[in-house]
């Protein structure tokens, strides 16, 4: 029992561990973003996928055929904004040689943000007049109407380079196969783990998993992207260290070459004596008790009660 | 609806409905051969019907119940007491209207306010959801890598043993299980090291780790490709079932 | 010579391939045959948990699929509704993935009821056995709301009570009258063709046992949840539907039933065996032929490449 | 403190169909549009801070709800015991209202996307550009679907026996035909076309070119074989040969498949997922604090 009214449901027993881990990741990321603002020499290794992006834009420019970009199918979220920020790099290259670009969106909010970000690129390059508002298009928010629309467009305009970046689902192969049939170079990346093998088989180059986030950090050298990428690296190292420590502790507690016995076990957030010693299981190890907080049903919290007449009009009518 | 028309529809409507579906399916499949007018017709028919439905579904499936009826409340009926209306929901109409300024050259910045609310709510959700998704999985990666008994290399068969013997076998970790756990831990550590970007992995050991990480990724992706291909064909079989059985056999030939 | 054969093998016209695929996936539909395959652990665990739920309790069911993934998801949805009807369990059905999903769920249950009434069984009726709670475009927001206060998450939802003909609050229906918060529901099912499976685990974990039924493409990713114990049951694509139909017919770890080494629990087959076979059993045989076609084509492609390379080197 | 919690029966509620509620609703609308007008004329250098503040407070709600101590074992009739619990009660009660706000705003913005679809196609129609006929088809389909499904919705609300399938009229038939008969089937057709692309991609691209490609090919074949009927014949043959020799029994296809799934496939996908999860948190933080230069103004 924790004495007077406990500090909070999610902090009861070992619940604080998850909250602390989340807070640690937040601190790693925000601290590194601040650090990246002050120091501009933070190192990020160049991922091979980026050479493929520049080659693809170069090829489209030679052939004078359009570049088709699809920022994925998800709603306006972290992935869509990240995909569009990679596309701003592509558009900056293409805008210099007036290569036609088409950016197809499947979500209205993504369409609005894409409209803004692509217009910013033309602004920064000082060629506001060459910006065509219909180069950023909303096709449909239905997954397969969108697939039909985009593959029809790739076929009709005979696109030379296609970039499929972001959250893709089953329709990803329709784009990749259609782009293949017109002989376009394809650089793709899906944050959906299950779509990546299809991209690997059908596209020329694929950024796997986190390389998608690393791409925009490397391309733009933006303090925010560089800082958050380093913060993410620290968090991954923290996970690696946690797993190594966890493996060592669990191996020791379970017993190397002999099975340890335990005499007391934890239930309802308190250690209780066992009737007879029994072999330890994975759920009894300190690490898993840390990860899985227990709720003590017997905690009674005395709180003033609502006056009777308004009681039923409250939450649970 | 006059009875003549009603009988006609009762008899023929199911077949008309199936035929409309088959017409569109064949039209869309025609793009497999090459992009053609028939495909483009069905494509635009589909975009229009889908857009029309999405627009109406927003009102019928969401705004009518979650916004309008909560705002105005519901009068008492003999079955239910009156439900008071929450007038503060009305503020959402002007905020939603701000989104439509995206088309105006001068004021398109204001469209960022409703998007800002949605983005902010989404961002807060991500911080909250991370631990429930990944915490238990990180914990599961902490597998014991030493055997607790050297009685036999692999797990002995439990056929025809007393329950006490079976539980004893289940509690112990045999060398083959310990080896598998070691492979599990090695794979997760190699794959995580492949995704480290903020320092150059010069030493041979790290280079070896990232190369094994990439090989493990390929096994993972191969398994994903295999199980996903299996399911892709199911969707095609479902279309064949729709055309061959539901439309042709049951619709036209009336065979059950 | 080898090069000519190699190049020819690698350049079979695409349209022949498509024609063969059409035939391979349609002809076996006309005369079904059975293909015995052991059920996955996740499907057996799902069946065991669902058969142990006390009769009369309520299941929260997220139906996040439409007819575009009918092949994968409808077989799963039909299997679950048949088990719920057979065991007299109640279901509260909602959707956060697609505006069309509530309507598709209604029509599918109507189809099942038509067959049940023809076989003299009571229909799985709206209001008394299940209620439809509509669609919510923001999945994250609605799932968080369900986790904190289920009653408020579905406030102001009404449905037509067949007895009185009046539109009444859904929390007065036999399905939801005893339900005040998520942990009152015996299980939470999510049948989905999108990412709502991840969003459900992130928000409803520890509130009630979770079961996910996903399409094939989401199977491997969702496997991690089952492996880490975050969900108690997992059905993947039409193999999941096929496993459930086999278990509904034969039972799990019971005499004459399916034996599973990894899942210790036992569960009887359904009490009423009429109309148990459905989409899973029907689609599984043509799937075998399609997979053989794919494997043969991969082998031809590689043999062609090897021959071309040999031919080129010998020149 | 009751702003979002909506549980205080007095201030935030109005009795249905009474003048009092209508005045409050209209008052709120007027206030909203006045706010809109004021915001339109706000000096441009404030804009960035207004949008940043709005995004920050929207995100702050869920982050506060995660970190602020939640009430332990709260029953519906409890009142907060101390100031800390006043905040935590308010946070819990406001969750359904905030999630409604997200649903409603997302719905309102989806209309915006549909307008841009119409703008592109109606523009092509009126300027008689190439393929204007197809845009006409799109427009007609859009109008038919919209009118019939709205008409059908209110028809079903008025007399519920329609849902059971009796007494259908023209609008019910048309709505059913256009929605269930066409939109659903067209979508299924598009989704199923992927099987053809997979077959041609596997035939064309699935080559043993590099060690990685052969590893991917090997794992995929093992998985596919384990789902097919061949697994029962292969396992039957191995069982008959191995008898009770545990080591040989490991060569059953289903055993190999489940070993790869549990000890290589799962950790490799977990490795990618951990990376993506942390990436999503980092992007969430950047959006919340408007650090995304390209995202905002």
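Every chain is named by a letter (A, B, C and D) in the order it is written, and numbering of its residues begins at 1.
What we mean here is this: a contact is a pair of C-beta atoms (placed from the backbone, for glycine too) under 8 Å apart; a residue touches a chain by one contact, two chains touch by 3 or more.
Everything numeric in this text was worked out from a predicted model, so none of it was measured.
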Problem set entry | B-C against B-D, pair bridged by the larger set of C-beta contacts | B-D
Problem set entry | Identifier of the chain whose CA centre is least distant from the whole-structure CA centre | B
Problem set entry | Centre distance in Å when subunit B and subunit C are each reduced to the mean of their C-alpha atoms | 12
Problem set entry | Chain centre separation (subunit B, subunit D; CA means) in Å | 9
Problem set entry | Rounded Å distance between subunit C and subunit D, as computed from the means of their C-alpha atoms | 19
Seminar exercise, completed: Distance between the CA centroids of subunit A and subunit D (whole Å) is 15
For this session: Identify all positions of subunit A at which a residue touches two or more other chains, and write them in rising order.
Result: 19, 22, 25-26, 75, 77-78, 109, 112-113, 139-145, 148, 170, 193-194, 197-198, 200-201, 208-210, 229, 236, 239, 315-316
Seminar exercise, completed: Two or more other chains are touched by the subunit D residues 9, 62, 66, 76, 93, 98, 100-103, 106-107, 109-112, 114, 117, 179-180, 183-188, 190-196, 198, 200, 202, 204, 206, 216-217, 220-221, 224, 227, 261-262, 265-266, 269-270, 272-275, 278, 280-281, 283-285, 287, 295
Exercise. What are the residue numbers in subunit C that touch two or more other chains?
Worked result: 18, 21, 25, 68-71, 100, 136-138, 140-141, 144, 149, 152, 155, 180, 215, 217, 219-221, 224, 227, 239, 287, 290-291, 294
Exercise. What topology does the chain touch graph have (line, ring, star, complete, other)?
Worked result: complete
For this session: Report the residues of subunit A in contact with subunit D in the complex, numbered from low to high.
Result: 5-12, 19, 22-23, 25-26, 29-30, 33, 75, 77-79, 81-82, 84-85, 88, 105, 107-109, 111-113, 117, 120, 134, 137-145, 147-148, 170-171, 173-174, 176-177, 180, 191, 193, 197-198, 200-202, 208-210, 212-213, 222, 224, 228-229, 231-232, 235-236, 239, 297, 299-306, 310-311, 313-316
Seminar exercise, completed: Note: in the complex, subunit C contacts subunit A through residues 68, 149, 151-152, 171, 180, 194-195, 215, 217-221
For this session: Provide the residue numbers of subunit C that touch subunit B in the complex, in ascending order.
Result: 15, 18, 21-22, 25-26, 29-30, 69-72, 74, 99-100, 102, 134-138, 140-141, 144, 155-158, 161, 164, 166-169, 172, 198-199, 201-203, 205-206, 215-217, 219-221, 224-225, 227-230, 236-239, 279, 282-283, 286-287, 290-291, 294
Seminar exercise, completed: Within their complex, subunit B touches subunit C through residues 32-33, 53-54, 57-58, 61-62, 65-66, 69-70, 74, 77-80, 83, 121-122, 125, 128-130, 132-133, 136-137, 139-140, 220, 223-224, 227-241, 243-245, 249
Exercise. Inside the complex, what are the residues of subunit A that reach subunit B?
Worked result: 18-19, 21-22, 25-26, 42-45, 47, 75-78, 109, 112-113, 115-116, 139-142, 144-145, 148-149, 151-152, 155-156, 170, 193-194, 196-198, 200-201, 208-211, 214, 217-218, 229-230, 233, 236-237, 239-240, 242-244, 246-247, 249-251, 254-259, 279, 281-282, 287-288, 291-292
